[in-house]
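One chain, subunit A, appears in both complexes that follow, with subunit B as partner in the first and subunit C in the second.
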Partner chain A sequence: MTQTNLGSTPVVAAMRKWGVIFLAAGAVGLAATFAISGQQRFMADYLLGFWYFAGISVTMVFFSALQYLTRAGWSSAIRRIAENFSGFVPVIGIALIPIVADVLTGHGIYEWTHESAKTDPLLIKKEVYLNNTFFFVRLGLYALLWFAFVRYIVGNSVKQDTASDFRPSQKNWKRSAPWILLYAMTITFASFDLLMSLEPHWFSTIWGVYAFAGHFVAAIAIVTLATTSFYRAGYLREYITEEHFHDLGKLMFAFSVFWTYIAFSQYFIIWFANLPEETIYFTHRTQGGWEYFGAALVLLHFVIPFITLLRQDVKRKLTILRFAAVVILLSHFVDLAWIIMPAVGKVMAHGNPDHHSSFVFGWQEFTGVMFFGGVFLFLASRLFTSRNAVAVNDPLLHEAVEYTS
Partner chain B sequence: MSVINQNKSVYLAEGQELVREPLVLGQPTMRDITARIASIVESKISPKYLLTLAFTLTMAAWGLFALYYTVTTGIGVWGLNNPIGWGWDITNFVFWIGIGHAGTLISAILFLFRQKWRTAINRSAEAMTIFAVICALTMVLTHTGRPWLFYWLLPNPNQMQMWINFRSPLAWDVFAVNTYFAVSALFWFVGLIPDLATLRNYVKSDIAKKIYGVLSLGWTGSTRHWHHYEIAYMILAGISTPLVLSVHSVVSFDFTVGILPGWHTTIFPPYFVAGAIFSGFGMVMTLLVIAREILDLKQFITLKHLDNMNKILLATGMMVGYAYGMELFIAWYSGSDWELWVFINRVMGDYAWAYWTMVLCNVISPQVYWFRKNRRNVPLMFIISIFVNIGMWFERFTIIATTLHHDFLPASWGYYSPTWVEVSIFIGTFGIFLSLFLLFAKFVPVIAIAEIKSIMPGAQPAHHHHEHESAKAGVTAH
Partner chain C sequence: MTEAPVGIVGEFTDPNQVTKAAQAIRDAGYRQWDIHTPYPVHGLDKAMGVKRSMLTYISFGGLLFGISNALGIQYWMGAIDYPLNIGGKGFFDWQFSIPIDFELSILGTAIFTVIGLFHLCRLPTWYNRYQDDDSFKKATDDTFVVTIDSDDDRFSAETTQDMLRRLGAKNVHLVTATAN
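== the complex of A and B ==
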């Protein structure tokens, strides 16, 4: 009988250890950022780290729900690995508190919460939506709904491990569709609220899809890294086969292209039409140092994963697969930094005499992701300790073990 | 222990073994499958078939007459005038291009996702893709006004080295649609080769044998042939997958790269793609519900297949619903007066009836598919599929008409209604589409014989695990 609880393995021990180290180092770094660079810079970095890992965690639950919705057989051997990375979801509510506090200070990162917004003709129009109270209510709602989401889907999945019938799985088969609908709406509006409203004059209808595409491919990359780590260390060999790596590779390939498609659609339509109220977003992000981020995105989020993962055989070579996963995770960071930092740079520049926004990127920008990366890893390590790493009693597990991709 | 919940798509058979609903009913042998599908080609042409074909050909002829009248008299015979320069022509073009997308999704994306149920419907859906693109090309050529000068759209410089305007989305359309047509036709034909060879061996008439023989390109079914075939099929699926997304994205650029409120919005590319798949599945459903009845294909196109297709209809219907919602929300959130005004006008203005027809058909009507009972109700799904066809046509009409009929100069505001000529051309494209489909259903295997065989138990290695249990329960595993 293969070991299915990996809590005592070196892989999970490393996850726990590095989780704690990152968490501590990130916390110190964030504190230093606050002390040295001020509240707005601190908050931007906090948001960067928060959204990176909160988005990925919720998307892990979505990934699980999607497998139930499609009655997928192949993924039942790796689905629990994704589910165990959702440990951060229940504490999202707590992690949102600093964002609320930042808004309440009146000089936070969101321009529409400032005193000056009261005289801005466009922001006055949007006040029905962009006001403190409603903003807090929405944030609370996301945290609550995501908590219910993870409780239901992942809860049933875990219950199946010890159940004597298939009722928990049947529940998920039945209810995954409405939960996915809810995920689509919450991830869309959360991305509007947390990211798009950083530049409250700007708007894009594709924004929710863009947020989803980035999180989904990043989530697959983390599942790939974890799965290959366990496999390499000699665990789960009875459940995970080369076929799973091949399929994870295909998904990473497909969804890095999907992200590119969405990102290109947004950029191209705005660039071509050349309307000032829309192009301002990209004008700002293609000068003053930010153009390198844009170029890096093309390379990291599209060209490198595309070239690396195109061939059939490389999706079965773990080193290359893991390289692509790391590149995708890096590109997701570049993407979010490119969205958040220029916007906050503008807000920070309001104090400057020339009102000219400066390039804000330095060591500080790594503190937030480090902190939340630590939280994410640590909470995952706890779930890998308390739960199985494979859905041992899943009704479709036999398909996952014997399929060929 | 008895079999419980056998009417679920995944259910427990005897001995707590979980099995999937069978995709082919009645446990036919390989020979049965060949005989069943090939006999459609071999059977005598019935008077009913000829009558139907005569009817659809008459529709096509009527459309071609209207087209002739347009060309000889001038495009003024249409209802187009300032400010509405795009009417039924572009609506129909986008409508037909969209119809094709289900075929490509089924043949390419569902293939890559290893959705075995696609094998029963991919052949006819792919055929529909090709016929729909033919209709779309007819519409867009007519729309140019002087279709005999179509080559002005090709990147073919004249003697003064003047090229087409590569910055025009209309030029991109030419590339996108032609690529789509070429790749779809190739994909369809490659998939057909083994089945054409089967027909070559099956039919009795010498002439038919010759024709199928030439078309099957000397296929013998050797291992080497299969090996090459499968590689080609995989590569074509890989090439077709981005095409599903790119073609309708390029079509959406016709609208978005302009700066008109209601047209210029970033969600259009994925929104158009979702809508195209939605409308395509609507049309596939309409035709397959009829075809499985008339050709008696219920053994292969089971309720399970229809259930799955209805799930896709529900999912893609929700996606277009999401896009409608985002458009409205951002129109308000943008703070742009024009943007908001156009959307209020769309929802409550002169064309509100078209908008609400669209919402009713595309977003509300598929909601019945939340329930499994409805997803397997054949008369209901036929009605809903008609709703979807209507709704998706109105979606394109709404987008085009509501933005154009009230432009920036209130003095020139107008209201557009089509003339009999435009209606006739549209009916004509349906005639072309249905005639081609009828010919296809008679002379080509409507179901991919070789692919159906590949999903039969025992056709693939490593399936020994459940044979015992499923045999006991009288159902097919996987």
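== the complex of A and C ==
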């Protein structure tokens, strides 16, 4: 048998090392942002980093649940790698505390929490949903449900490693459908609450799907990077074959196209109807420097992944696959920055006499992602140390070793 | 009127065995041969040494055909031949052209793929020299049938049959046709 616990390997050691470095550098950077650029800018960067990695971590659990729901054999060899990246999920509740504190100060990044919202006719109507108490209850609910989600799905998957029968896997097979329904609801409403309510006058009903699509393709990109790193370093060679890379490449390709489809659907309907309350979102994001972000998104989130991953044989070439994965991770950052920063720029400009929001993007925007990236990597490295990197006792593992895609 | 050899037919019932046999036949250097299976067997094309089909390039050509048609039609009709102001939008905008570009690229790809597939599979073929053989007919039911054509350079009525038997084929026999 080959090594299945990779805790002592250089790959996991590098994950731990860079996790700690990013965590420390990001924490210093976030503190500097708070000191230099103020609370709102700090909070925007915090939210950017938090949502990037919280969304990806929860989606890793969803990926696992999806494999159980479909009784997928191919993925049993790589499923645990995704599951080990869910280490951030249990601490989401703690990470939400600064967001709650920001709302409580009364001059945070959410415009609907400000004093001025009490005289805004539209926000008065939305107060039923967008009020502090209900907002906090919902945030707590997400943290709690996601914690239960990871405990159940990943917990059963880990229990299977040492079980004498297949009962843990059978439990997951039975219960993954309701958990996925719950994931769909929570990721939708969490994206409404945390991101869409940054523009409280605006709404988009496809927002949840948009958020999911971005997280899913980014999660697959991280799984691809980790799997190829282990494989290149010579680990898991008995379990992972070229076929897995081919399928991961297919998923990255498919879901970057899916994201584009959803993103364009959202843009297209608003562009065509041309109603002022809907177009504010895009008019603000296609001028004053933000139009370059939009153009970069088309390039990074669609054109480059599409062209690099279109051919069948490149999905088996690890260097190209890793390049596409890095581009996708970068594009997810650009996507979230494009959503969050213009909205916060507007809030920050509220005090200004000219009321014109400025272009808000600089070194500060990288601190939040760095911090949470560090937390994400460090917690993942801990799980890679305490658990196997392969679901060694999975009832379908033999299929994953033999299959051809 | 002489009986000319068409090829050798052998039956397999186990997909793993037929995959192993395919590798052996491929390594023996045969080129004019085929395997007929009741359902797709994963990995068999690799075992047989089938080269990657050029179908993807035909499909890509269909995509280019479809998207250039979509853009051309919309631009020519909307901006040149019959400009109409609809809802204050431009006569041609990339935004509203996307759904049609998307749909016509899919349509072009699909049509080219189907036609290309028919062409590459030589469909429709109304007659096959093996079709009256009883073993060959089982390929549509429960048997994996290997056929090695007589026009293969390495074909020899005896040694080819021996090889197939050695690989575990059942009911190996020579198929002949009446030549005039």
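Criterion: the second predicted complex is superposed on the first by the 405 of 405 C-alpha atoms of A that agree within 3 Å, B and C clash if a C-alpha of one lies under 4 Å from a C-alpha of the other, contacts with A are read in each partner's own complex, and residues count from 1 in each chain.
The definition used in the following text is that contacts are C-beta pairs under 8 Å (C-beta built on N, C-alpha and C of every residue); 3 or more make two chains touch, one makes a residue touch a chain.
Bear in mind the structure is a predicted one, so any value in this text is a computation, not a measurement.
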Room on subunit A for both subunit B and subunit C (clash or fit): clash
Subunit B versus subunit C as contact partner of A:404, first or second or both or neither: both
Of subunit C and subunit B, partner touching more subunit A residues: B
Which superposed partner A:55 touches (first subunit B, second subunit C, both, neither): neither
Partner chain(s) touched by A:272 [first = subunit B, second = subunit C, both, neither]: both
Which superposed partner A:262 touches (first subunit B, second subunit C, both, neither): first
Partner chain(s) touched by A:87 [first = subunit B, second = subunit C, both, neither]: neither
Interface residues of subunit A shared between complexes with subunit B and subunit C: 268, 272, 274, 404
Subunit C residues within the subunit A interface of the complex: 42-43, 46, 52, 56, 87-89, 95-96, 98-99
Subunit B - residues contacting subunit A, complex: 9-10, 12, 18, 20, 112, 114, 242, 245, 249, 253, 256-259, 264-270, 318, 322-323, 326-327, 330, 333-336, 370, 462, 465-466, 478
Contacting residues of subunit A [partner subunit C, same complex]: 264, 267-268, 271-272, 274, 311-313, 403-404
Subunit B partner contacts - residues on subunit A that touch it in the complex: 71, 74, 122, 125-126, 129, 166, 173, 177, 181, 184, 188, 192, 201, 203-209, 250, 257, 261-262, 265-266, 268-270, 272-275, 277, 395-396, 398-399, 402, 404-405
